[in-house]
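What follows is a set of structures for review.
Each of the next two complexes has subunit A plus one other chain: subunit B in the first, subunit C in the second.
After this line comes the complex of A and B, so read on.
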């Protein structure tokens, strides 16, 4: 080999290694960044997905489950945050609930990062920031944006076609890593299916009466700014015995509650309702209701960051949601949300919607079915709006400083395994 | 099934390592396409396999 050619080859290799190092540092930071939250004083217990599905232990799909039990008999509420990590208002709403919740009657169970693995990378082929920032009186905190799917580092390869279990429905190949396409999951399935199964096990074993799944959606997607709830549920016994698929109207209807909640919230913001179709499987609003006895509500806020026709995907697009292209499209009547660029779809607005949307469902369920009453509180949309009008970041205003001495005993690092001593005090 | 899932997953990492090694070998010793452009291509294409084997991306 000529000396000149060898020098070029070695140089090319060195350049590639330097590029790999630069990229690797960024990817490593995203993968291993740890968020810390301060749980409210009402926290009674912490479990993990691996308590329900042991094979998840020490995998990147294990995640903490925060339980707030009032000790007074009442309804049990389950709140699922971060099923799709690139919809981060869902995670932030769960964090704000955990930090500020007060439960007087019944029990509230919150999972802030349901797909932990998916929060540790970004969407393939989409260039966007790794983090967004929230400012509080005590400092600026960064949070991951994440992916829609489980990280391929943790679950790979994908099949040519994904077949949902047990419905047998064919879905896109990558949906095998989509938590909200793999319900009801399998105890011995893929990593994502096992996480889905863990969530169903939480709902079944903890006697959950109301299950709330928090998402965000493009405004070019009809089911944005919407509650989705099932009007009918599967006859499980018949299906398991004969394989026959028969749906019936349950005694308690989550769609009735969702319709009422949507109407009540209309004074604050647009909240539509939609019936979960019988023929679309793998989603929480179908499978949670089919494979447990809980009332199910999926909530979607408008997140223009994931619309495909926006300008550059910057942190401002995530936190402020202002985009001229979507304004043009809205002006032509092609979106499903009354988008106004001057206001945008800011993070506080989407977080506030989730907080009030979830609380309204809990209140209205108690009105329809008094035996399921759960009395709890957390920050609301109107409270956040008032803070925003005073010029402060209302998301940050409700976050507590994990380094403050009074909060140190209840500061929890969100990771795929317990970090620090605080978890030990709450894990039975 | 969980066991086989794990085996397939590990095999995938082994394959990523073998492909990366093969590319590195081809960078320095190959019979066809001996131009500088192909040197740069082989070196650049190593990056994803390297990051995968190191469990970074």
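After this line comes the complex of A and C, so read on.
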């Protein structure tokens, strides 16, 4: 009997080790997979988060910052991609901007993977696919789908409740690893707080006039398909001197711009606007405006994978967004997006929305405040729609082949530290 | 085949695998893991695009890793503390000094609330104080079944008790709400339900002879001074307070490490001569004691992962939120706890989040709704497949009769709390003054 039990235990251990090995290989692949992009010819400089917060150097939270400066005086735009890596249309939109941008006036700064660490693991218990694929004329490219939070391999353990700095507001414990709950961040805080601080430093030090944060949201969430912008901002001086929290209406209002942009875009797709609440801290649309002088716009596209109550969670569900359960709850009037399962929420649609959504606020800011004019261009929703109608993958159509000889000098591997020689040419 | 039909078949396969495995193996923990593997395999056959299920099954093991570590660390702390004789001394002191049954039961109830209120896990309340409370209630002449009910119910209440209510936290995180305004909304119903349970359990019980009871305790150890008893608790409470009131001045320690530090303090305060080998024995016994619970929370993470991947989670969640409002009020008291039994804290994501959004659509006060759901969900900690708190309470009191016989007695306090939760949902707008 004892021998039988021993054989069972040894066998169980061997099975466990084999499973651990198989899973371990997959975890390793996700952690170390490197994406490569081709920056547009307008690229002028690359910085890193660690240039703003040196302690981030050689950590998995360091990430490249692509700067496109026209050399002509004008407004400065900051675009934040991948604050939540499990919202991959945000990253893809940033990649398409970097690959295709042309700047005639002003400066555009793009961070494609703001929470690099979070892109290197999956959503525990949510069974997300590791990767999704985009097809182009020159091949199929693989991109990561990550976590909502910083990878616990890089920041762990969590406290029993997270207290946002400096508001002192209590948030859920795991939000200490949520980049979009840790703003304005701390220079000597946790890894995520330091990344948040680096973003605020970019906004302050580079003189950013418009800051755009790209997200995706569940369609059960009221703020899906929406611009979020603050109608009022914190009186920083008073807060720092007395601790008193007083909000005032700034001279320039990002909410006005967002309302106008939403109305303009409504000819193409539903884009609502919402005022950032004063009572919820740690989010970009609140803290970026409170702790810098920039105009802030957060954008949410509809992404049903986040809704949790979907059918089988395949890569197709992520890239096409067709789900019977979400159709059922939409039919009962419970969603905030006119979801049609036949169309779904495909990746190109979500990426296209971000691209046009960002461009629209840049254009409309110039209309409201001419002194902030930045003239730039990248692919738009309508261009992508036209390509889709011809039967092609419009995301892939705007991606460049990093192995093509004409692109090799501007191909950049996205990792937590520079890989290859190309970075050296652009790092001052 | 429609997604609904496909996932319904997968749900039936999962339930069948769990039931058959439970009958054969007599272990809910292994049965959950078996059900998860069977479901993952069936899901991959039905939907080949899901690919290799090994990664997400193993990922599931990490869903509740922090909770498992907390269970281990809290148990190590308590066992070292108990080894020093401190728990026996406290129990002796309480029995000696307090004569009123209701006051004694109320003190036990309040004490039980504290560990769960600070950690968010009801099981920790049982680990830390279950043995002590059991002894005191036994002295009060309360039957074994009702002692189990008391410990189990107060453990559930302690998990829901502010400041740390994990269900509320997870729902607020999903709904982009700050974790503020819940103190009175949670505390008042908890106090009412606690008072009801004290009366329910204590009614008719006659305390045993005090001298005879005291004679059963180990003799007083003259070396065990008051500071040796108090310091380990000062350490753990101090670490909590520091983390709450100086969050940016200290590195994040995490609950498991905080309990291990308190365990170290307990070790240093131990007046007995204890060898290194004896301490190793305590650790060994602790792991033996806590292992089924660790297996339970890890297995449930694996099952949660498999249910998410195959769409079974979506079937349950979308069906629940699609029900008419009146039916939700009627069924939430059943469906909520059942989902808790299946998903553990994951119920907040699967069911809680969508329900919050749904109620928000209807213009209801979601802060009150969120608090109400956070009072209802913990009831599922007594339901299969996990029944974590129920099982632990039975183990603490060494209750040997069938689980069902204990559960039948527990139903009344559970219904009382559940009904209060539903009443809060219905009367949401009238309770807004509480936050």
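The rule is short, and it goes like this: the second predicted complex is superposed on the first by the 417 of 428 C-alpha atoms of A that agree within 3 Å, B and C clash if a C-alpha of one lies under 4 Å from a C-alpha of the other, contacts with A are read in each partner's own complex, and residues count from 1 in each chain.
Methods note: contacts are C-beta pairs under 8 Å (C-beta built on N, C-alpha and C of every residue); 3 or more make two chains touch, one makes a residue touch a chain.
Everything numeric in this text was worked out from a predicted model, so none of it was measured.
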**Message:** Once chain A of both complexes is superposed, is A:324 in touch with subunit B (first), subunit C (second), both, or neither?
**Reply:** second
**Greater residue coverage of subunit A in the superposed arrangement, subunit B or subunit C** = C
**Message:** Tell me the contact category for A:27 with respect to subunit B and subunit C: first, second, both or neither.
**Reply:** both
**Partner chain in contact with A:380 - subunit B first, subunit C second, else both or neither** = neither
**Prompt:** For A:274, is the partner it touches subunit B (first), subunit C (second), both, or none of the two (neither)?
**Reply:** neither
**Item:** Partner chain(s) touched by A:19 [first = subunit B, second = subunit C, both, neither]
**Value:** both
**Message:** Taking the superposition on A as described, I'd like to know which of subunit B and subunit C A:55 touches: first, second, both or neither.
**Reply:** first
**Request:** Would you sort A:407 into first (subunit B), second (subunit C), both or neither based on which partner it touches?
**Result:** neither
**Message:** A:191 in the overlay: touching subunit B, subunit C, both, or neither? Say first, second, both or neither.
**Reply:** first
**Message:** Per the definitions at the top, what is the overlap between the subunit A residues touching subunit B and those touching subunit C?
**Reply:** 19-20, 23, 27, 156-157, 186, 189-190
**Complex interface listing, subunit B residues touching subunit A** = 1-2, 5, 8-9, 12, 24, 27-28, 34, 36, 39-40, 42-44, 46-47, 50-52, 54-57
**Touching residues (chain side subunit A, partner subunit B) in the complex** = 1, 5-6, 8-9, 12-13, 15-17, 19-20, 23-24, 27-28, 31, 55, 121, 153, 155-157, 186, 188-191, 194
**Item:** Partner subunit A, residues of subunit C touching it in the complex
**Value:** 2-4, 6-7, 43, 46-47, 49-52, 54-60, 62-63, 66, 118-120, 163-164, 166, 169-170, 172-173, 175-180, 240, 243-244, 247-248, 252-257, 301, 304-306, 308-311, 313-315, 317-318, 321-322, 346, 349-350, 353-354, 357-358, 360-361
**For the subunit A and subunit C complex, residues of the former touching the latter** = 19-20, 22-23, 26-27, 122, 124-127, 129-130, 156-161, 163, 165, 169-176, 178, 186, 189-190, 218, 220-223, 279-281, 283, 307-316, 323-326, 328-329, 332-334, 336
